[in-house]
Every structure is written in structure tokens, then in C-alpha cells.
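Both complexes shown next keep chain A, but they swap its partner, so chain B is in the first and chain C is in the second.
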Partner chain A sequence: MLETEVLLTALLLILAAGASMVAFVPSRKIHLLRGTALFFTTLTFLCSLLLVSHFDSEIDTMQFVQDISWFDVGGLHVRYHVGIDGISLFLVILTTFLVPVAVLASWSIEEKVKSYMFFMLLLEVGMIGVFISLDLILFYVFWEVMLVPMYFLIGVWGGERRIYAAVKFFIYTMAGSLLMLAAIISLYFFNEAQNFDLVEITQKLSSGEIVLSPLAERLLFLAFFLAFAVKVPLFPFHTWLPDAHVEAPTAGSVLLAGILLKMGIYGLLRFCLPMFPAVSVQLAPAISLLAIIGIIYGALVAMVQPDIKKLVAYSSISHLGFVVLGIFAFNFQSIEGATYQMLNHGVSTGALFLLVGMIYDRRHTHLIEDFGGLAHVMPCYAAFFMVIALSSIGLPGLNGFVGEFLILQGTFLENAGRAAFAASGIVLSAVYMLWMYQRVFMGTLQNEKNLALPDLNWREILILVPIVILALWMGLYSSTFLRKMDTSVQKVVDRIEHVREPQIYRVEYSGH
Partner chain B sequence: MLENYWVLILIPLFGFAINGIFGRRFSRQVIAWLSCSTVGLSFLICLLTFWEFIQLPVDKRTISRSLFTWIQSGNLVSEFSFLLDPLSMVMILVVTGVGFLIHVYSVEYMAGEEGYYRYFSYLNLFIFMMSVLVLADNYLLMFVGWEGVGLCSYLLIGYYFEKRSAGDAAKKAFIVNRIGDVGFIIGIFLIFRQFESLEYLTVFRTVSDQFPEPTAGFGVLGAITLLLFIGATGKSAQIPLYVWLPDAMEGPTPVSALIHAATMVTAGVYMIARSAPLYTRAPETLFIVAAVGISTALLAALIAMAQRDIKKVLAYSTISQLGYMFLAVGVGAFSAGIFHLMTHAFFKALLFLGSGSVILALHHEQDLMKMGGLRKYLRVTFYTMWIATLAIAGVPLFSGFFSKEEILWKAYSSPLGNGAFWFVGVLVAGLTAFYMFRLIFLVFYGAERFEEAHHESTPHSPTEPSSLIKVPFMILAFFSIVAGFVGLPEYLGTNRLEGFLAPSFRYMPEPASVEEHGHFSESHLALIAILVTFFGIAAAYQLYIRDRQITERLAARFSLLYQLIWRKFFVDEMYDWMLVRSIRGFSRKILWKSIDVNVIDGLVNGTASLMQTWSHALKRMQSGYARVYATWILGGAILIFLYYYLTSF
Partner chain C sequence: MDINYTAVLPEIILSLFGILIMILIPFTPKARQSALGFVALFGMVLALICVTAQCGATGLVFFGMIFQDYFGQFCKILFLFASAAIVLVSINYLEREKLPYGEFFSLLLFATVGMLLMATSADLIMTFLGLEVLSISTYVLAGFKEGEMKSTESALKYFLLGAFSSGFLLYGIAFVYGAAGSTKYLKIAQVIEASENYPLTLFLGLGLMVVGFGFKASLAPFHVWTPDVYEGAPVPITAHLAVGSKAAAFVALVRVLYQVLPELSQHWQAILWVSAVLTMAIGNIAALAQTNIKRMLAYSSIAHAGYLLVGLTAHNRLGTQSILFYLVAYALMTLGAFAVVQVIGREGEKYIGIDDYSDLGYRYPFLSIALSVFLISLAGIPATGGFMGKLFLFAAAMQSEMYWLVVIAVIASAIGIYYYLRVIVFMYMGESKDEGTPIIVPTPVRIVIAIMVVGTFYLGIFPGTFLHLASKAVSF
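Showing the complex of A and B:
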């Protein structure tokens, strides 16, 4: 058992080694740089699979835990405390899966390959770090570390308005995370042990060792919540997303949609619900309302976008609305569905951005009106796009359906009206996706520039095939994933249930 | 075979995968052979299963097979498992049987088309999805097939994707169906909340414990059944969601025959029959089902009378016939609905295949006004279409007669039926006879009008396809004649089908004491219906054979009415204007351009530029001159001094 404890740190170390290797390769050796990055990210993915095989789904505490003192200055006890449970396990795997795919999709990057690959590896360190940190300061450090490479990926390798988009992305997220930092610091003062340990603080909050006044509890919740809501992004904190996506290079969009947005959701599940269950319950109606607005609003705005990438970006807002809705329904099915839907969205929206990137590499545009009739010249591409589009709109048998169904079923058990409104998103997603598909792939070839477009090459097929297999697997045999989540999801649900009934009494009596 | 009947589901999936992935490299023969043989094999297994099935004692005729757990979350479980009982047995026989015939027909019909592999792989996928829909043993798995057949329908309607209209029709079909599907899925949510299971047999057992008698008032069962019915109106093209089916005729004709006539569109009827234990306990919903069914039957029959496109006539006819089936299940006559579903599958598939031959012979001409006199050229098509027309019109002894009479009788005599249902039903029967014979007369009789239309492109006369294509015609014609004998009315014999299906309709509520209903006997009412049918035929004969002038004079006299019918009561235009355009405009102008770009992002960018303005103002403080800094320091010192001085009091 000794060696499994270091697995998580090993992932970070492999990536760090990769990053320093990249730093030593001369910058004109483009192929070697790409190869090195691909090798190390793939190696990370393979190692991360060990996590799945060694994961014990019966245990309800953190696994693969490593807890070392990082620095003790004055009263500050900051620790390097990492570990995962059933919720973060597959988020780590999703990260390690998507990064090599994104590297492979970055062959069209010709300029400054060295720093590009360096940032990719650094980004992966940050992303994995966020999902495995169990110390608040460590978490915050990774949270911010991740911003930097993404800022550069958008700002250097992005499209025309890349500077605007990069700055907007950075400041928007930063504004949220500063609130979170303030909340982390004030939690430290409430905690007599004077450390930032997430597990310990959550434990003390639930056992009543740390008592927060209702106002403090509410403010802390809101501080965390806003940081995460921007990241998700929840309506109306979403306007950075379309800009960032349109301007980001393909790999940036893939990781932004696939992983970064999940951090907001992950934060809600890991911080807001377990630490402040009472406030979560109180504010659930309002948050659910925002989520439902996001579902419908995102879909309607996606429908009228002239740009495929923007369409996919707005569709993300709609999809993540479902996830937030599921989390704040506090029901086993809805939370498990939301956790599952995070993975599904990472796979299908990530793949959609990959696909858009493939056509962008050929035509240097992602405006819908520049296309039409592509199925004639690129039948293979059209077929892959169809499958992924169907997975995104939740066709049963593919991955998206399982998550969406569980979320809505769970939400329905909690509150039928919410689920009914949210279900209208099912229709709207078909509208925007199929309408776009029709305008891009069906009809006759109008634009002369599209007449001689080459179909997918082997590298691109190699990228897409695993994703399609994964989409089918997750859609047909969800037990592989869900069984590993059960215990951790149950823990979150129990935590909410625990405050829910007494909560009613407390509110009633405090009124007198 | 009874142990492993489920393999019949998987075989077409195999065909789909092979043809779909490698089909582009295969020759046409390989594609066709692979595709037809997989469905043929499925049908064969189906027949063997049926043979063993009917030898089982009646109470053993419910066989479940579970393959694996599909979704499990907490107490919610949906297995990938199948249920073979008399109802699904009948359905799967129809699906694989008619499916196989249409695969064979397609081999030649599609021979000249691009993307042969695409067509056949989609068709195989359809058979797979339809089998899942029919054989699923829980609502969620049925939903997989339900949306899956919708997908295949989408792909096949859009088969000629370079045509704008085909793309539009495909998209419309999928989206309209999805609207219904939302109803269906919310119904599933409610089923799970009420019964904590999605598996049919568990749900039915629970419901018969919870509600031993039909409920009074519109309760949870009313809500469940109504929501499921919304799903059915989408898939089975009933009011208000029928609008996609006529457009779906953009797909290849064999697809119209298989998906949009014989099998997929009947899924809604099947779903209600499958949920009979729920529906019988919700009489309010059943009344709505019957009323929607009969209204749709009437509306579609009216529209069919004036259409000029041969496939549109058949499409509206299908909608109308589906309306009959909903009338049947709506009055609680579930086996009558399934009976008509079966006979309709034969004669309507045949009619579509016949229309396909006509269209092909005339080089893709679909306008009835440009046909005529074809009986000389297309002998087999001519005879078989006659048979099918006699069947659909309900001429005695043909299959459609028995199933339609059964429905009309039940609409009148069942405790849930009434005279009005029967009356409108008979009226629709007359209209059906009229528009179908109008079609026959316009296509096969009278002057040859296709020459004028195509004088430059048709040097030789229209010809019929080769012998392979005739086999499906013969077989379907045979069943269009004899299929009705499995369900004879009481005054002629026994209804074997009803007896066979009975085990599927267990878990019914205790029947309330039925008072004697109605004054007329079944045979008398049948006689009236037959007379009305013959009147319809005679009217068509008068208008389209005897005196073509009358038609035009009538159209001119009642031009407003004629226009209304010809333009399909402007329903499409209304939907387009009310829903499509307004939502699109609202999303673009209000949500996106105003709220998103101006309000929300305006707030964000506004904050940023406000900060910028402030910074610009503040940066003047740092001018770099020591004297300015000294002034600031002095000012600050004074302020601090003043603060302490004033607070010291």
C-alpha cells in the first residue's frame, strides 16, 4: 500500500519533469517538443489509471492521502495535504485524459511551440492540483497557478481579440478568487487549530466545534460561491466565457470547457455544500432559479450565434446550468448525476471544440455562414461531428443522457416544477445543435474555398476515436463510473440531510 | 430460441456497425447482402421464437431477459433487459417482418443513389432501435429506442442532405419529436416518484395494489398518462404535433414505408397499449386520447382529399389511420388498436412501396396531376395497390375492414365510447375511401398526363422494376388481404388476436358494472359503415373518372374551403410564425444583443472602464516631481492632525 500513497504526487512530478525537459529542448526542434509533451502527458494518463484500479469504492474518506507540513510561519500551519475521493477521482482522470488529446490537437501550432508546450504541462499541474488539494492554501495556490498558463495560451496563441479576452478571463476569475481568499483567511481565524486543513475544518463545522454566526456562515458561503459561480459560469457571471472560447486556441478551449469549468462545480461540491449546508439549503431556490435561467438562456442565445465556437460556448452555459441545478437539489440521483454530467460535458464539449478546431485549421474561420455542404467533401468529419453533437444533446445510449436524466430525475423528486422547466432545455439543445449541423454540413457546397477540403487525417481520427468509444461506454455502461462515486456522493447527501430537518426547527425557534 | 431471443435485437446492430464503418469500401452487393441478411436473420429468429412461444401455456408467456445494468443510482435502476410477451411478440414480428421486406425492396430502389452504405446502415440501426423500443422491459430503455428511432428517422429523412427541404424536414421531425419526448421523460420522472421503479411489471403490480379501481378525478395517474400521451402525439404524429410527418416524405420512399407508415409512427400506440394498466385507471386521459385521435383522423383525412403529391396523400392518410388507433386505445380497446396497427403496417407499407414504383417509373415525379393511365405499364404495382386500397378503405373481407370495424364498434359500445366517436369514425371511413380511390384513379386511370410533363426526358414508356422488387409486393398484398382473419368480429367468428394479446393486458382494474350500452348491434353498425365506404368510392369515381369537370367546378365553387384544405389549414404557417420566428427573434434581439451584450457585458466592461477612468485620475498623483509629493505629504499630515484634533474632544 505504500506506493499508492505517492501516486498523486507522482503525477505532479512527472508533469514537472516533463516541463523541465521541454525547457531544455532547443526551441527550433518543434517535433521533439511536441513529442516530449505528448510523452509526458500520456505517461501521466497511464499512471493516473492506477488510481482507478487501486481506488476502494467502499471507503468514505479521502484516499491516496499524503499529508506533509509545507511551512509553519508564526501561527500559520500550511500543509501539503492531497487526496481524492469518488468525486475528484474521475475529474483527475478526465484531466489526464484530455491534456494529451489537447496536445495532439495542437500540431497546428507552429509558433513558439516550446513555451506553448511548457504552458500546457504547467496548466495540467495546476488543474490536477486543484482537484487533489485538501489544504485551503494549497488549493488556492493551484487555483491561481492554473490561471497563468491559460492567460498566456489565450493571449499569445489566440485569435484576433485575444488580449481583450485573456485580460477579461483573468480579471473576471481573479475577482471571484479574491473573495475566496478572503473567506479562506477568515475560516483560519475561526479555526482554533490554526491550520487550513479542508478535511479538518469541514469535520469541525459539522460536529459544531467551529460555530459560525448565521451572518458569518452566509458571507463565507457567498464568498466561495461567487468564486465558483464565475468559474462555472453560472448566469449572470458568464460573459467572459464566450469571449475566452472564441479567442482561445483549440487546446485552450478544450481544456477550458473540459476541465476549468468543472472546477467551479467541484468547488461547490467540495466547499459550499459540506462546509455550509444550512446556507446551501436556504439559498437553493435562488441558485436553482439562476441555473434554470442559465439552461434556457444559454440555449436560446446559442441558437442565434453566427459562430460555431460561440455556439458551443453558450451551450456550455446551458449544460452547466443542469449540473448546478442537480447539485442544489440535494438528492442522491441529482448529485450523482451532476458529478457524472461534469465528466460527460468534459468529453462531449471538449470533443466539440476539437472538431471546431479541425475545421479552423483548414479554413481559419468558424463562422457558420462560411460553410455548408461539408458532408460532401468531409464525410468522415461529418460523421464524427454527428456522433459528438448527439452526445452533447443527450441522446440516450450516449454519455450525455445518463447525467442529464439522473439530474432531472433527482431534481424532480425534490421539486417537480424546477425539473419541468429545466427539461425544456432538452428541446432547445436539439434546436441549436441540429440547426447548426444543417447549415454547416447539409445542403450544397456554396463556398469555393470548401470544394477541396481534405477529410480527417490519421492523427485527427486517432484523437476522436477514443472519445467516441468513451462516449459510448459512459452512455451504455455507467456503472464503471457511478459505483466509484456512490460512497462520496452519499456523504455529501448525508451532510445536507443532517442539517435539513433540524434546520427547519432552528429557523422556527429563532424567530421567537 | 426462447432462451436467447434477444440476439435478434443485436444482429442488425452488427450490420449497422460494419456497414457504417467500412461500408464506403464495400461494393453495393456486399452492402446489400450484409444489411438484408442481418434483418432476415432477425426475422427468422423471431419466427422461431414465435413458434416456441405459442406452444407455451398462456400464463407462461412473459419472458424477461436481463443483459446488464445500464443505469443505477441509489434506488433507481434501469437494466438493459427485455420483455417478451404477446404484445411485444406481435410488434416485433411486424417490425422485423415488414422491415425485412423493405430492406429487400430497397436493394433495387436505392441502386442508383449515392451513399448506398449510409442508407443501409441507417436502416439496420433503425431495426435495432425499434426492437429495443418494442422489447424493452422498462420505461427508460423504451425511451432509448424511442429517441433512437427518432434519430434514424432524422438521418433518413435527411438522406438527400444536399436538398434544403430534406434538411429542414429532418430537423423539424427531430425537434417536434423532442417536444413530445419532454412530456414522455417527465412522465417517466413521475412514474419513478410514484412507484419507485421503472420496470413495467413492477409498476403495473404496484399500481394494481395502489389503485384497485379506476380513480375518480384527475390524479397522479392522470398526470402520468397525459405526459406519456404527449410523447405519443409527437412520435405518432397526432394533434398538435403531427406537422412533421408530411414533411418527412422528403426521405426515400422505402423509408416512408417502413418508418413513417408501418412501424415507428405506431410506437405511440404501442406505448399506450403497453401502459394499459395505467391508462385504464385514468379515464379522463383516455377520453383525451380518444378525442385527440378521432380529431386527428378527421383533420388529416380532410387534408388528404386535396393533396396533389402522392406521398403527401399517403402521409396524411397515415396520420388519419393513426388517429383511428388512438381512438381505439382511447376507448380502452387496446387489442383493437394493435390489430389496426398490424393490418395498417401491411397495407400502408404496400401503398408506399407502390407509390415508390410509380415515382421511380416516372423519374421522380410525385404530382398526381402529372400521372394517369399507368395501369397499362405497371401491372404488378397496379394490382397490389388496388388490394391495399381496398384494404385501407375498409371494403369487406380485406384486412382493414376487420380492424376498422372492430375499432368503430368499440368506439360505440365500450363504456368509454359514445355515439359521436362512432359517427365521426364512420365519416372518416368515407373520406378515406374517397381520397384513396381518388389516388388510384388519378394514378392508374384516365389520360396519360406524364408525357406532357416529361416529353423531353421519357423516350420510352414507364417500366416496372425487376422481379426481386415484386416479391415484397406479393407478400404484403397477401397479408393485406388475409391479416384481418385473425380478428374476426363476434358475428362472424372469434377474435384470435384479442385472445392472444389478453395476457399482456393483465393488471387491469376490476371492471365496474357495465350497464348495457347502445341500442344497435355490431353487424348493423358495420353495414352502415360499409355503405358510407361505398359512397366514398362512388364519389371518387364520379369526380375523377366519370366527369373531371365537376372537380374543378366544385373547387371553384367552394374555393375558400378548398384553399383551406389544400393549404392544410395553415397550421405550419401558424407554428412558424408563433413559435419559430418569434423565439428566434427574441433570442437574437433581446437576449443576445440586448441583455447579454449590452446589459451584462456592459456592466462588466463598464466597471472596467470606470476603474480605468479613476486610475487615470489617480495616476496624476504620481507625476514624478518631488514638489508634488511634498504637497501630498503635507496635505496628509494636516488631515491626520485634524482628525486627532477633532476626535480628542
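Showing the complex of A and C:
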């Protein structure tokens, strides 16, 4: 019998072992370094699949819990408390899935491979840590630790304005999250038992054991919300994102879009909603407004981008707007849709960045005007691009559709106006995506530099095939994923329903 | 209340070794003078053994002038470690800069005696003596690079302003003596507790003493000397000023406020609140504009004094224990950073501009990784001692319900990240520059840096051990 509670820690340990292996491999053995990183990240992915098979979707509490004291001195009690539920399960899997893909996509990195791979592994430790931590301090530690490798990935291996982008990324995120630290510490003193345990604090807040004054509750909510809004990023905190995404190396962009942005959403779902439901309800209209502005603004700006990578970056702002909108519609469909859309966005946008990276490796540009008619020389590439672009737009049958549909359905039940505005974002997404596709792949080959471009090689196909399979799977048979989320999402919804006035229109979940 | 020489044995040993080194100077051949460094180190180790052997002893000794308690012993061990690290870093520095060994080490030993006295003093006169022993040695050390303008300027500025601040402190002590009729800590505290209304002179004394200590600990608005003095002084002395001297002043301030004047806490809390905000703001904002790494670290040390003030202002048990923890973390990362700066500076300290760090990252991995760790820790990023220290300090302030102070501290630390990162940017992301003279890392310095890196991570990942020691040390 497998000791399932050590699984989560095992993931971290495997990666830590990988990082120390990489540190001891001589830096000129580039292939060995890549191989080591790929081996350990793949091993982590395989181990993480055990989580799925051992996950019990009937239980609404945390699973695979491990809870040991970290330090407990002078009244400060911090624990190493990890565990996952239906919301974080797939985020962990998404992380362990995307990192080996990103490592494989980093074969074109020729310089300073050793430190690159080291930072990749460290980054994965941080990302998984964020999703599994159930102690506020532990969470904060992982949340910040992860910034360091990302900062180096952007700053050392990035594009021309990499330093500006890296520093901006770091300062923005850090400024947001330091206020969260202040909020975490004050929650600690509101908690009579005086610990930082997320589960316990959430439970006590909901049972009324911890009573916060309305002002305190609002300030605490805002402190958490600001940290997450920067990370998501919600309009108007998004300005770091285009810079960071465009300047980061391909793998960096993939993980930024695929995982890091999800941490903001995850934070909203795990902290803001369950801990401060009343304030969440109060502020929902304002936040939804920001989300809608983000959806439309992101889409419009994406439309006019001359640069494919920037276009994808702005499309992220638009997509993430949907997710936030779904979360702040507070019903089962919308929140489940939002949770699902996080995964979809990770898969689709991650893949788009991979594709952009592949063409960049060949041409060292991502300006749309440099291309045109690529379908003639790179048919295979064009086909993959089409599938992924459609999945990003939300074509039925592919992953994006399910999430967006659930979000819009849920939002419509909450407030039809919001849903109507948001839906226009889908139309716009088709416009920018297809128009870009048309300008890059259709027509005649005009630029002679593109005449001899080689099509995808085996490694690149190996990267893309699993993603396309996943996109189809998630689009055609979503219940594999959704059923495991149900109970956890329901728990969040119940928590919100608890504080809302009864006369507000309530929707019973009718099942698929 | 007897003399109890064993209680002051560490101080005696250090003084004797200081004198011994002075005697040895003429009898040691020029080429072997660096051995004097190891004599000094030996003295410190002996003193360290004495302090460790005394751990646990409590009471008033030396005619009631000195406390024996965990708090003092904790600080003494910290100071001895810091001074020992500075000796190790200095040996090669002095050789490289062709400066005399003997005087340097013996002055450093005397400065350490001053620090130890400040940490354990139970009488305002003793505190003053400790401060003066420390200061006068340090004035000389700051100007140790004979014939160099900046060093002389540094020493002169430090001396003139320092003498002034000692005057303030002494004046303050006089007022407190006038109000309470004694200079003994416990006696003053008793008198104040018993009295109904406090005389004006007591407040004057409090204010003047805060000024005096604030100068030594470079708290705003008494910090103005810091950047110039730090920039001109030899790097190991800059490290000593930033770590030992500052920590000693801070510890003495803790004792005076917590043991002598706890009754006036709401008054000095108000003063320190303002000073904490100013110190953090000025330190962090001014550091943004620096192009010289010594000046940058000087402003950063001002900022860190501000964080320590946050804990001091909180005036609770957690606060005191966080101050001790933070002092350890701060000592590790700052000493480490200065050790790296010292070797990268090379002969004549020519390479101390931040742009001189361009592209060092891949040519000198050991130094660059170590410096990055120290800077990341100074910036307060998790998994390092700097983060844990800040967490505890801020938690202490939260416990005393000083929410705004914490919010300001948090914003100040966010600003701080920028200038720490900038050095890392230069090291790893900068353009390749003219390589200059190759950097040599002598073994003692390498050992010091390695210990500091390990220590910084240890405090960040297993803070329990030191926090436990610190909590034991809080006896008042």
C-alpha cells in the first residue's frame, strides 16, 4: 500500500534532488544537463499522476495531507502543512505537465544551460509549493521563492529589454504580495489558537469563531486581493505582463502564462472567497467590471499588435478576465467553469507560446509582417497552430469552449448584462486570432527568408502532440476533470451562499 | 555585590590581547606581522569560550555595574563572532593595502571590549564608557588608510559628529541622574515606578539619550554621517561599523528603554515610531540612487536599522526576541556582503562602483552566488534569514497593534528590493566590461563567505533553533 500522504512532499523532493544533481554536473556537459532536467521533471509528472488515481472526488476536505511542525517558538507557530483538493489537484498536474514540456522546448538554449535548468527545477518547486501549501507562511514562502528563478529566467535568457521586464515583473509582484504578508500576520493575531493554518482559519472565519470588524475584513480582503490581482493580472494591474511575456524566453513565457497567472486565480479561490465571503460579495460588481474591461481591452489591444508574442500576451489578459468574472459570479457553473478555464488557458496559451517560440528559433523575429504564407513551407506547423488557435478561441470540441461556456452560463444567471459584455470578448478573440493566423500562414510566401524554413522536427512534434491530445480530451470528455472538482467547488459556493441574502436568485446545479 | 573577576573575564582577555599585540609589534619581523591577526583571533576565541562557559549565570556583578544574563551572553557571542569574521577578512585586506597589522587588530580588540560592555552594562556610566571605548577605537580605524583623502575625511566626520553625539548621551545621562538620583539601571527603574509624576528632566534625559544612541545606530534623522563614513573607511571597518558598532548601540538602547525606562514606554514609542518610519524611508529611497556599492550598503544598513526599530517600538516579548534574531541574520548577510565587496574591490578599492560588478556572475561564480544570496536575504525574500527576521519583527509590531507601522515597513521593503536586485542585474545580466585585475579570493575570506551563506540559509529554513535561543535570552 502506498503511503499517499508523502506524495506531495515526494514531488518537491524529487525536484530538489534534480536541482542538486544539476548543480553537480559540469557546466559544459550541455546534453547531460538537459537530460537530467528532463528526467527529473518527467519523473515528477509521472508521480503526480498517482495523485489523480488516488484522489477521492467524494471528499470535500484536503487530501494527501501532511502536517508537521516547522518551528514553534515564542508564540509563533508555523507548520509544514500540505494537501490538495479538487481545485488544486489539476493545477499541480498542469504544473508537472508543462514543466517537462518547457524543458523540452528549451533545447535551443545554448548558453549557461546549467543555471537555466537549475532555475527551471527551482521554479517548479516554488510553483507546486504554492498550490499545495495549507499554511499561510509556507504559502507565502513558496509564492516569493518562485519569483527568484523566474526573475533570472527572464533577465538572463530573455530578449532585448529583458532587464527592464525582469525587474518590473519582480517589483510589481513583490509590492503586491508584501501587503499580503502584512495581512497574513494580522490574521495570525486574530486567530486565537495563534497559528497560520489556512484550513483552520477559514473554518473559524466561517463558523464565526474569529470575528472581524467590517473594516478589518475589508482591509484584509484588499491586501490579499491586490497580491492576486497583480498576479492574474487584472486590469489595471496588468502592465507588467506584456513586458514579461514578450521578453521571457519561450519556456519562461509558457510557465508564466501557464502556471504563474493561475496562482493569482487560485489565490482568489482559496483565500479571498472562502475567508472573506461578505466582502467578496460586496465588491463583486466592481471586480466584475474590471474583469470585463480586461476582457475587452485585452482583446482590442491584442488585435492591433504587430507582434505575435505580444498578441498572445494580451490575449491572456482577456482570457483571465473571463476567469475572474466567473469566480465573482459565485454560482456553481461559473466557478467550476473558471477553475476549468484556468487549465484550458494553461494548455492553450502555453502551447501558443511554444509555437511562437518555435518560429522564433528559426527566424529570430515574431513580427507578423515578417511572415505570410507559412502554410506552404511549414504545413505541419500550420496545422498545429490552427488547432491550438481554435482551442484558444473556444471552438466547441476543443478545451476552451467548455470553460468559457460554463463561465458565461453561470454569469448569465447571476447578471445577464455582464455575460453579454463578456461574450463580446469571445467574438473579438476570434477576430484577433484568425486575423493573425491569416496574415502569418495564408497567402503567398513573400518574404524570401521564409522560403527555406524547415518544418517541425521530431522534438517539436513530441512537444505538441500531447498538448493537442490534451486539448481534445479536455474538450470532448471534460467530466474526467470536472467530476473531480465538483465537491471542492461546491464547498466554495456554499461558503458564499452562506452570507448572501436569501432573496438573491439562487441556482441549483442540475448536472451535465 | 563583589568584583567577581570571572564575570568580566572575556573583556579582560580581549583587553590583555590588545595590549599583548601592541607589545608584540616591535618584536615581530615585518614579513610575519600578519600572524598578529591570528593572535587577535585566538584572543577572541578564548573570550568566546569564557562567555559560553558563563552561559546561564545570572546576577549583578562588578560592583553592580554589569549584568550577567542570557541577553547579554547572546549578544556577546554575536559580537565576538562578528569581530572574528572581521579579523579573518582583514588579514589579507591589510596585506593587499599595505597597512600596519598590529595597531589595526589591537584597536579592533578594544572596540570589541566596548561592544561587550555595552551589551551587559547595568549602569549608565558603564554604558557610556563602553560606547566611548568602542567609538574612539573606531574613529581611528575609520581613518586607517593613512594619506588617503576619503579615509581621512571619513574619520574626521565620524569623530566630530561622534564626539557631539557622545556629548548628547552624557548630557542625557546627567538629566536622568538628576531626576532619579542614580545611574544604576534597576535603581532608576524603581524610582520611576514609585514616582507619581515624572520630572521634566527625565524626559529631557530620555530624548538626549535616544539622540546619542540613535547616532551610533544611524537612525534617522541622526544618520547623515553614515554614507560618507562608510564609503571612506576601509571595507572591513565599514563592515564593523555596519554590524558590530550598530548592533552594540542597538542592544544598549534596548536595555536602556526596556530595563530603565519601561514606564515611559508610550512616550518613547511615539518617538521611535516616527524615527522608524523616517529611517526606513530615507534608507531605502536614498539607496536607490547610489552608484557606489559601499554607499548603497550604507543606506541599506540605515534601512535595516529602521526594521529593527519596528521591533523595538513594538515593546513586547516577541519584539525583543525578533530583534535578537534579526541582529544575527543581519550580521550574517551584511558581513558576508562586505566580505565579497572587499575582495571584488581589489587593490586600492578601485572596483566599488555597482557597474564594476558587470558580468561577474559567470566569471566568478562563487563570489556572485554568495553576493546574490546576501542581497536576496537583505531584500527579505523567503528561504533566507532576512525574510524570517522581517517576518518576526513585523509580527511583533502587529501584536502591539501597530498596523500602519507594518504597512509602511512593508512598502519600504518593497522599495528596497529594487536596489538589491540592481546589483544582481549587473552581475548576471550586465554587459561584459573590461575585466580589470583578476580577483583573488584568499582562503580565510572564502571560509567566512561560505559560513555566512550557509548561516543565511540555515536561519531562513530552520529559524527555530535561533529563535529558541533568542526567546531564552529575553529575560526582561
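We adopt the following convention: the second predicted complex is superposed on the first by the 499 of 512 C-alpha atoms of A that agree within 3 Å, B and C clash if a C-alpha of one lies under 4 Å from a C-alpha of the other, contacts with A are read in each partner's own complex, and residues count from 1 in each chain.
FYI, a contact is a pair of C-beta atoms (placed from the backbone, for glycine too) under 8 Å apart; a residue touches a chain by one contact, two chains touch by 3 or more.
Because the structure is a prediction, the values reported are computed rather than measured.
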Exercise. Which one hits more chain A residues, chain B or chain C?
Worked result: B
Exercise. In the superposed arrangement, does A:V499 touch chain B (first), chain C (second), both or neither?
Worked result: neither
For this session: For A:F189, decide between first (touching chain B), second (touching chain C), both and neither.
Result: second
For this session: Look at A:L283 in the shared chain and tell me whether it touches chain B only, chain C only, both, or neither; answer first, second, both or neither.
Result: neither
For this session: Examine A:G155 and indicate which partner it touches, taking first as chain B and second as chain C; both and neither are also allowed.
Result: second
For this session: Look at A:I171 in the shared chain and tell me whether it touches chain B only, chain C only, both, or neither; answer first, second, both or neither.
Result: both
Exercise. Who does A:V377 touch here: chain B (first), chain C (second), both, or neither?
Worked result: neither
Seminar exercise, completed: So the chain A residues that chain B and chain C both touch are 171
For this session: State the interface residues of chain A toward chain B in the complex, per the touch definition above.
Result: 168, 171-172, 236, 238-240, 297, 300-301, 303-305, 332-333, 336-337, 373, 375-376, 379, 390, 395-397, 402, 405-406, 408-409, 412-413, 416, 419-420, 423-424, 426-427, 430-431, 434-435, 438, 441-444, 476-479, 482-483
Problem set entry | Residue ranges of chain B touching chain A (in the complex, touch as defined) | 24, 68-74, 76, 80, 140, 143-144, 146-148, 151, 154, 158, 161-164, 166-168, 170-171, 174-175, 178-179, 181-182, 185-186, 188-190, 192-193, 583-584, 586-588, 591-592, 596, 600-601, 604, 608
Exercise. Given the complex with chain A, which residues does chain C contribute to the contact?
Worked result: 317-318, 321, 362, 376, 381-383, 387, 391-392, 394-395, 398-399, 403, 406-407, 410-411, 413-414, 417-418, 421-422, 425, 428-429, 462-464, 467-468, 470-471
Exercise. If you look only at chain A, which of its residues touch chain C in the complex?
Worked result: 70-76, 112, 137, 140-142, 144-145, 147-148, 151-152, 155-156, 162-163, 166-167, 170-171, 174-175, 178-179, 181-182, 185-186, 188-189
